[in-house]
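A, B, C and D are the chain letters, set down in written order, and residue numbers restart from 1 in every chain.
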Amino acid sequence: MSQKIRVTVWNEFRHEKTHQEVADVYPDGIHGQIAAFLGENPDIETRTATLDEPEHGLTDEVLANTDVLIWWGHMAHREVSDEIVDKVQRRILNGMGLIVLHSGHFSKIFRRMMGTNCSLKWREAGERERIWVVDPGHPIAKGLPESFVVPHCEMYGEFFDIPKPDALVFLSWFQGGEVFRSGVAYHRGKGKVFYFRPGHETFPIFYQPEIKQVITNAVRWAAPVCGAYTDLSTAPMVSAPESFTVSD
Amino acid sequence: MSQKIRVTVWNEFRHEKTHQEVADVYPDGIHGQIAAFLGENPDIETRTATLDEPEHGLTDEVLANTDVLIWWGHMAHREVSDEIVDKVQRRILNGMGLIVLHSGHFSKIFRRMMGTNCSLKWREAGERERIWVVDPGHPIAKGLPESFVVPHCEMYGEFFDIPKPDALVFLSWFQGGEVFRSGVAYHRGKGKVFYFRPGHETFPIFYQPEIKQVITNAVRWAAPVCGAYTDLSTAPMVSAPESFTVSD
Amino acid sequence: MSQKIRVTVWNEFRHEKTHQEVADVYPDGIHGQIAAFLGENPDIETRTATLDEPEHGLTDEVLANTDVLIWWGHMAHREVSDEIVDKVQRRILNGMGLIVLHSGHFSKIFRRMMGTNCSLKWREAGERERIWVVDPGHPIAKGLPESFVVPHCEMYGEFFDIPKPDALVFLSWFQGGEVFRSGVAYHRGKGKVFYFRPGHETFPIFYQPEIKQVITNAVRWAAPVCGAYTDLSTAPMVSAPESFTVSD
Amino acid sequence: MSQKIRVTVWNEFRHEKTHQEVADVYPDGIHGQIAAFLGENPDIETRTATLDEPEHGLTDEVLANTDVLIWWGHMAHREVSDEIVDKVQRRILNGMGLIVLHSGHFSKIFRRMMGTNCSLKWREAGERERIWVVDPGHPIAKGLPESFVVPHCEMYGEFFDIPKPDALVFLSWFQGGEVFRSGVAYHRGKGKVFYFRPGHETFPIFYQPEIKQVITNAVRWAAPVCGAYTDLSTAPMVSAPESFTVSD
């Protein structure tokens, strides 16, 4: 691959500034840690963007030069401007990949793309999560064992109100009795969306090798395919490709 | 079935008032004709609602007493209030069925539910459409022949920018060389969505027996299942159904 | 519904004759218990068939008069004749429903319909299973709570080697750390297939109200839709429904 | 990519030997032409295998060293040994890709993988086919226009008796009034299956640039992902990954 995949890692970046225990875990922000491990791959180049930058760091120029957008948010979903959400949605439908992490399930952009509540059950008890691969031939499962453990996590439980995924890659088990569809993949327009459950701000989950592997796999899967249909936002009137006669 | 399925047929109801040729075809409005044939079934009861009524005829009371909402719109999608769209979406995710017809592909509510552009190609040439059943075991295909013809139609062609359907029931062939996914079904939250392509305002399509059969089948398929999870709009914090000990 | 759904409950019926603890739980056989609770519904009529009957009780006449076939087998999958499997497959593809229970995952007919190994992990430790509804609008979830418990079960764990289901209705959690896609639904030809995980022979699972509800729901979902295409086993040469001229 | 994708192109190779008009179009056999254009890619290496070779050219050694198997057959499906079909199925479920072309829809291996009749309607009239991309973000659609034409073809029409595809990439339009799901993709076990409709033996379809593009894309998509679960043919008894206590 001669051209690198251009990833923009977006983070709300609030917890890290207001909660010392989060800053201790992610001194460069969650976005910094994700960009760091992704940037170690020769086929990926990264930049970051955060909520408090102008246009949340997602200018037209940034979006036009982003192949895959990674999204982490939690406490400030409502502060994201609807205009930026409109632009991100349009960019996805014209080919960009979107990877939504953990509490991003309730972000405006994920709810917009899904059309559903994206609600779920949750609990912060530090319990153990075991993640199972249930589509072992999927590119996002590459290099992973049959199951792996996140030692301490915030629990998310079903019912997760999302559309039926085009591919269900991971299922989670929690000590407290819940299960969750933890890795779900969608084609939308010319673009792709992947949601991945793990990633709470108070646990060092984004340092864990299997988690890094999943996100790296997802970036490669979500990179645009330069296919048919350059713009999908309008409904063009077209002349017929085949000749015909209208009957009475 | 002791309780009837309560259907609300919503129509923009503008073409019929401004275009004589439309009024000639649908003297009681498109909604009137749809409500008429549905109402002939002993298990279905109907009411209608239109854009220019207060709250577009979709008050909280009407929505609370609607099992399946049918939607036809074309020239005035933008006049539908976002607040009503919010309410309809919420009602669908809590169990109501939605059946979107023809030019309703560009309605706010359908785009909201899909998360995509819902764009397509189109042409008004009065050409012939042939509709093929491609999921013969689906309840919406009940009683239909292998294929049937709409003698004169407005053409809709791919790419139709929708999520991958949970079920693809019909495919259309057009004289001019296009194809279209004409009957697509989705589960969303506790509710269901069905889009059906035929139905242009200047052709007597809603009088055609096969079309009436499809819409009647779709009403029965989309009627709510009184299942688990009474409200899905929030994410509740929950205690663990199973006891456990957190490890170090 | 004027005509009843005609269900044939097929059971291998060996454990009950050789293991006293199984006979204690199911004195009339697993098939007897399933037929008993299904038969309480006014819209369902049942008969049973077992491995050691001539043609395993599945004669042409029985199959022709079966709307939904329920299948339980475990220790004698290999004794089922390939010729009967051929006939059952053909009947399903022409409209009959098939409901496969528990250890039936390794039956010839289920593997035939799936095209995959249908393998899984298992453990007999009597542990607790918690079953979650993950498609609350699906007819098979009707009347069920958000989750329910099977107090003691044989564990089945992922990876379950099945095709991606057309609908994923239930997910199971097990005390020992595994998860499982416990209720999976498929359209195949004109017919339908549902696999449901619970049902070990040494536990009184088929007496449990939620389990009875699921199987009853599944029978109604799997009943044939009398749709298009009367026979699908051959590939007919056809004349063109539309006239055309071949170009040079 | 340091390691090449190892493709085996399998052809029945009978028409070419018995019908001069086929030999005129494919002097090196259909397999020869497919292997020729695939072999021009630096990341692909090819070999061929044919029905009349020992073990149909598909020895254990060949299968073990095949990443993607391409299958073309028509008049001699029944001569393929069941034992070889067993082996190919097992190899697919453990990771190999399978690409089935045109009349291969009725091959034993495709029917085995699908679990359905794989029947369809057909007509040899030399009519025109127009193929539409309906999943423009799918890797198999890479580099293709919105639609393209096969000038003369054998028609295949719906209903095509296959499982609901995991991805529907192409739809075909035919002059005579039929439509067809022409490019359908499946995950099965650890492997993948893609069926592509065009390819009649009397037309130079495998020389057409768009067709070559699709098959090349499909090879890259179907190449194995070295993921979890090394063998899926057995159901292992496992000890619990998490400790637990069985309740009364």
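In this text, a contact is a pair of C-beta atoms (placed from the backbone, for glycine too) under 8 Å apart; a residue touches a chain by one contact, two chains touch by 3 or more.
Predicted model, so just to flag it, every value in this text is computed and none were measured.
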| item | value |
| --- | --- |
| Fraction-based call for chain C against chain B, same above half, different below | same |
| Comparison of B-D and A-D by number of C-beta pairs in contact, larger one | A-D |
| Centre-to-centre distance between chain D and chain B (centres being mean Cα positions), rounded to whole Å | 36 |
| Separation of chain A from chain D, taking each centre as the mean of its C-alpha atoms, in whole Å | 32 |
| Multi-partner residues of chain A (each touching 2 or more other chains) | 128, 130, 133, 135-136, 146-147, 157, 159, 164, 166-167, 173, 175, 177-178, 187-189, 228-229, 241-242 |
| Contacting residues of chain A [partner chain D, same complex] | 95, 128, 130, 133, 135-139, 141-147, 166-167, 173, 175, 187-192, 224-229, 241-242 |
| Residue numbers on chain D that touch chain B, as the complex places them | 130, 132-136, 146-147, 157-160, 164, 167-168, 171-174, 177-179, 181 |
| Chain B-facing residues of chain A, complex | 89, 93, 106, 112-117, 119-123, 125-128, 151-152, 155, 157, 159, 161, 163-164, 166, 175-178, 186-189, 228-229, 232-242, 244, 246-247 |
